[in-house]
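Pasting the structures here.
Both of the next two complexes hold subunit A, though its partner changes from subunit B to subunit C.
Moving on to the complex of A and B:
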């Protein structure tokens, strides 16, 4: 504290004055247009953070005593080295994108959906059940793989809706309820592959693993370019279309506007005659639906067998993607791709260069911190101006 | 404590200008060069300019405030008063110009810096922790680790004694009335023994008696040698305490006076570019000039039963704790009539308004609008029945400040701008612009965030939305002019009157008795959840109403 007044009263460092009233009274200090979908500084911001975090990652690698050149080579090889790893990375990114999109959708109503993991699990269970025992494998017109996806979507939707109802009717914090529902979903999946009465494959010997049968070929997601090395399945266009639909719904429809109103000021929204409970339930249900669909894509597009650990923590990675996107669907796509490739590269780095894959998690954490920090500073500036 | 720079002989309601030793009846020049006080100025601003983006808020401001002086800043909302205060308090930095404090160059890095230099400010919005006691709130800003509650309480009592600010140091903020909360804020400032005390529209939230005592506090603080800057738009206050007045309009000083009491008419003209005489009575009442309150010609009240638009029958409302807030209240409002509800705040007016707008559960009793029972109806159904609501708490209930002006102006009928669920943004914007023009809502555009509007323009926008609602038959307006300037008040009431002439019944809840007298056709007084009496809206009834408001049965 410098230049203290002549008085004896302890001069305070932190004034309890509220800068809110200051900026509120400043006419014409129009806010940042960050709620609009077009790329702006809010979307560009993460790129700087990513580069900074990667640089720190390189330094950590050096600190481990691993030659940086080898580590980077292993990373790049794992992320971009072959058609196969690129395809894998993109498939992983699709899951992140769906979860992230759902996160942004719920976030519009000021709801934080951290239940992606459980929604993926519920989607996986529903999809497996329908693929194996729903009698869909002989259906024409692609129904053989579409129906399991629909079932998974509905399962995820129901899982999200539970949290929505709890929030709308009982005021239960959705962070708590979606997280706890996640645990329930993951353990339901575990149970369902442990019990032959449920989804576990018939026990033919003591070595039979606790997992489901492989789903029929007809229920697997068709590959778009069968002749190419890139075995990308139709989840790619589907995800892109859904992301665009969500962006349009959020920004161009009455429903999107109502979500925003409910999120910003539920009391005023209620006075204006908007259905608060319905919007809250719908927002979480739709986020859950996207999670369920992600589960179906993981099962029918990649894993083809349901087993414990199916959800792989992708629900949480997708949540991080949603957080980083800062309300922008474009940001979700970019973040999903980044994390998809980052994960692949990290796995290879561990196998080839003996750099623990935990490093990728560290880098993810650094990215989040950097972005949160920069956002904090820029928003503070924006408010003061 | 403060060193007394200039012991003042002036008592509380001393004739204005007593402390200013400048040449008598000095000029009202734009820059007060010749009218400088004999004492060296404590705060001197010269050529201060400030712009937010393209909007110039202040331009070439020069101002001198002497120790022991009460300097009033007069001006309409949006004139730049708050910005000027925020510059002095270090919240914003000036784009150009120079500030000097006690002769030294003064460039505050932030509010903390300003506080350290002996400048304290009471903001329009209080910053108190509601769950804490007075003492704990005062100790919040303390730097050292150990809380000396007892010492602080003693200091609170001593300051209370010295300045006439009685406070229970151990009372919870939640249990204090608005006036008392403001006292806490003032004590918080005084504990730092400031050299300069800035009060931003402190009287906007106060009852008449509280205003009186606040002005006395200002006078006592000034008598201790502290400079006081008082932002206001109430002329009566200026008459009572101001040593000097500077009038801001559109970011520039348009008039200054060293003897405000005799200069009132000129100051008002400068502020609103109009004569006081030409002002609407309701609008004039907000300036606090008691003489301006006259009862205008009132509509003939028809007693015919079919004329009733609002019928409230034995309405009882309990709050969440089960306390009775509205107690078997019965009330009729006729078509084309403005009924005022007077009363000290906290006597159930808020709960009555919330119940009638569908935001609170009715415990008992019923109410009808146009013969249709709306007890227990949702806000949507109430809107559909033709009830417009200007809520008491504009920010919490009336608007969504982070959404655009256009979205806010049609918040209750967004559906009319949709087709297959898709929003017709172009249509929304053009209709919003049209409505903004009709109601004189001034904003940089229809798409800017609602929070960038001044309070008056926000209120005009909310009113525009409710009044232009299709099928409006009844309007509930709760404290519709709180915090508004003269021009906005006049606009609000002229729109309410116009609606009234179209046959809309209006229930006007206000804590400003003068305002009710000048606007309403008849006035009922609410006390502890009940209606304790009814009066004609006549200045002659003022005392009787005042007694009823205080709980003395008529």
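Moving on to the complex of A and C:
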């Protein structure tokens, strides 16, 4: 019996870790060490953590008494089995990518934004309000869906900026303020769909659900390939462009350099004449803006109705993605895809193979703890280099 | 408000505040020593789950309570190890533990009880103090509570005394405000902080058990549902002082109790606003609107002798 989990483990790890096996095999191919140096340990450790966590997941499946082959088949089917699930996974990954990009951006200034959940909620509220009651649905040139997205971005930006102002003016720890703002945002959303004076659909009977009306078709995000089974919406290119813009801004512009200086040594940055307060506020506001936009994409691209629980914990998943990425935008994209497909596979595993999705939650928790726990190894390396 | 309604309101406020102040006082001690445990939520959930399973399996709620406490110890030890030995980011590891525990308890619960179980679990007995318990109306509605609540009050009195009048309290304060000086004077900052996190675990276990086998006599998936975070918020709102933290917990408990009371009294206040209230108050507090906040100087900063 003990052999079965072991062989199953190998089978499970292989397909999921496929994209990474290239870097994993690098140490083995010692032929050209000069041209292909060993990947930095800071890059390899997250992969190791993810694979280790997946192995634990496989062992848990075995412990639950579910045949590992069935569980993996259900997982793969749910993650990659049809055009529909692949599209769903990618759409989910876009949200994680936006939150993760915002996390990395703020992290450059040594600010930890844990407010993604609330920023998504504020974006969702703003987007719904504009889609339904902003009179945008007849506007030409795509303004019907662009304006709600802009509104959501501004709402998220304002939500992030509150934490930035508190930090810059009063030194309030941004972790505490963004976390509190997250709870407040989530409950504001709950309130807005509970109250007919706000966004709740008109009560037509006692069974009317506490949710908004469906947004008009013109405000939904257009699908890129209408003739294909892959109903990917334009959020995909938008997210990629934004991720590239953020990467360029962080690495190639004065603003990026200033954020880094503020993060590394605020005192020195101030002596050098950099506007510390403005940079702190901007960093958190921009992270919030990406969160708000993520909320708009969730609403206008997928859910189309605002209801309680709208943010679905995606803000925390995105935070984990940002953390996993270790300050790299490429890492954010990879992590977002991993979690996007992980969630889809997990959902199908519950439906088909009776393995609770909580298993995916366990795996995520393990990934976070392992990466946070081993951070000191990579940080020591970084200092030595 | 008639006397009876008032009594029920006070009683339910105290009952809703109990897990908050249990968790908050535990967290306060640890934050005083310089360690922030976002994992209070996860520790509570572990306690709630293990307490419920223990009580169900043994048929004895007191034994369940002990099992709940025992089950939280490894979780607290993990947090202490990550925060103090590995010097990992305290916030990130805390959130990680919460996610891990949420997944693990849900998995284990499904495994033991099945997906839609509403098993009633033997709960801790209620107890009324003499005299107070005999008061008309109030005796029954306010003072007749799970005995764990009275034990909790006794523990908290003990914590106040220890923190204020003993060298242990002094050492804890030193570890969180002047760790280097504490180290130089021969105290082990690491040992103090390990102990403080373990104490948070103990108190969070009591809080979790209060939720599952003290209050509603069952376990539901993710049943803490933010109570642990709210306990941390109470510490912030209480400005890292025990009595003010207790007051904050009671205030938050009352705000939650109002959700059930206001509709009964004919007021139509959206309950989302009442649920939100503690977070808004805490935000105002950390923003410096409600007096000056003075967090322990070394809070969230790992200590290294090098």
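In this section, the second predicted complex is superposed on the first by the 330 of 385 C-alpha atoms of A that agree within 3 Å, B and C clash if a C-alpha of one lies under 4 Å from a C-alpha of the other, contacts with A are read in each partner's own complex, and residues count from 1 in each chain.
What we mean here is this: a residue touches a chain if its C-beta (ideal position, glycine included) is under 8 Å from a C-beta of that chain, and two chains touch if they have at least 3 such contacts.
Quick caveat, the model's predicted, so the values are computed rather than measured.
**Q** A:356 contacts which: subunit B (first), subunit C (second), both, neither?
**A** In the superposed model, A:356 contacts subunit C only, not subunit B.
**Q** Name the contact category of A:64: first (subunit B only), second (subunit C only), both, or neither.
**A** Once the two structures are laid over each other on A, A:64 reaches subunit C alone.
**Q** A:204 contacts which: subunit B (first), subunit C (second), both, neither?
**A** Neither subunit B nor subunit C is touched by A:204.
**Q** Taking the superposition on A as described, I'd like to know which of subunit B and subunit C A:254 touches: first, second, both or neither.
**A** first
**Q** Quick one: is A:112 in contact with subunit B, with subunit C, with both, or with neither? Answer first, second, both or neither.
**A** second
**Q** Who does A:194 touch here: subunit B (first), subunit C (second), both, or neither?
**A** After superposing on A, A:194 lies in contact with subunit C but is clear of subunit B.
**Q** Check subunit A for residues that touch subunit B in one structure and subunit C in the other, and list them.
**A** No residue sits in both footprints.
**Q** Give the list of subunit C residues in touch with subunit A in this complex.
**A** For subunit C paired with subunit A, touching residues are 78, 82, 86-89, 91-93, 95-104, 106-107, 110-111, 115, 221, 226, 229, 233, 236, 270-273, 275-276, 279-280, 282-283, 286-288, 295, 300.
**Q** Touching residues of subunit B toward subunit A in the complex: what are they?
**A** 1-3, 52-55, 57, 78, 82-83, 86, 89, 91-92, 110-118, 121, 123-125, 127-128, 140-144, 188, 191-195, 357-359, 378-380, 383-384, 389, 391, 396-403, 407, 411-412, 414-415, 418, 421-423, 425, 444, 448-449, 451-454
**Q** Using the touch definition from the top, list the residues of subunit A that touch subunit B in their complex.
**A** Residue list for subunit A touching subunit B: 1-22, 24-31, 252-255, 257-258, 260-261, 264-265, 267-274, 384-385.
**Q** In the complex, go through subunit A and note every residue touching subunit C.
**A** Residue positions touching the partner: 60, 64, 112, 114, 166, 170, 172-173, 175-177, 179-181, 183-184, 187-188, 190-191, 194-195, 316, 319-320, 323, 356, 358-366, 368-369, 372-376.
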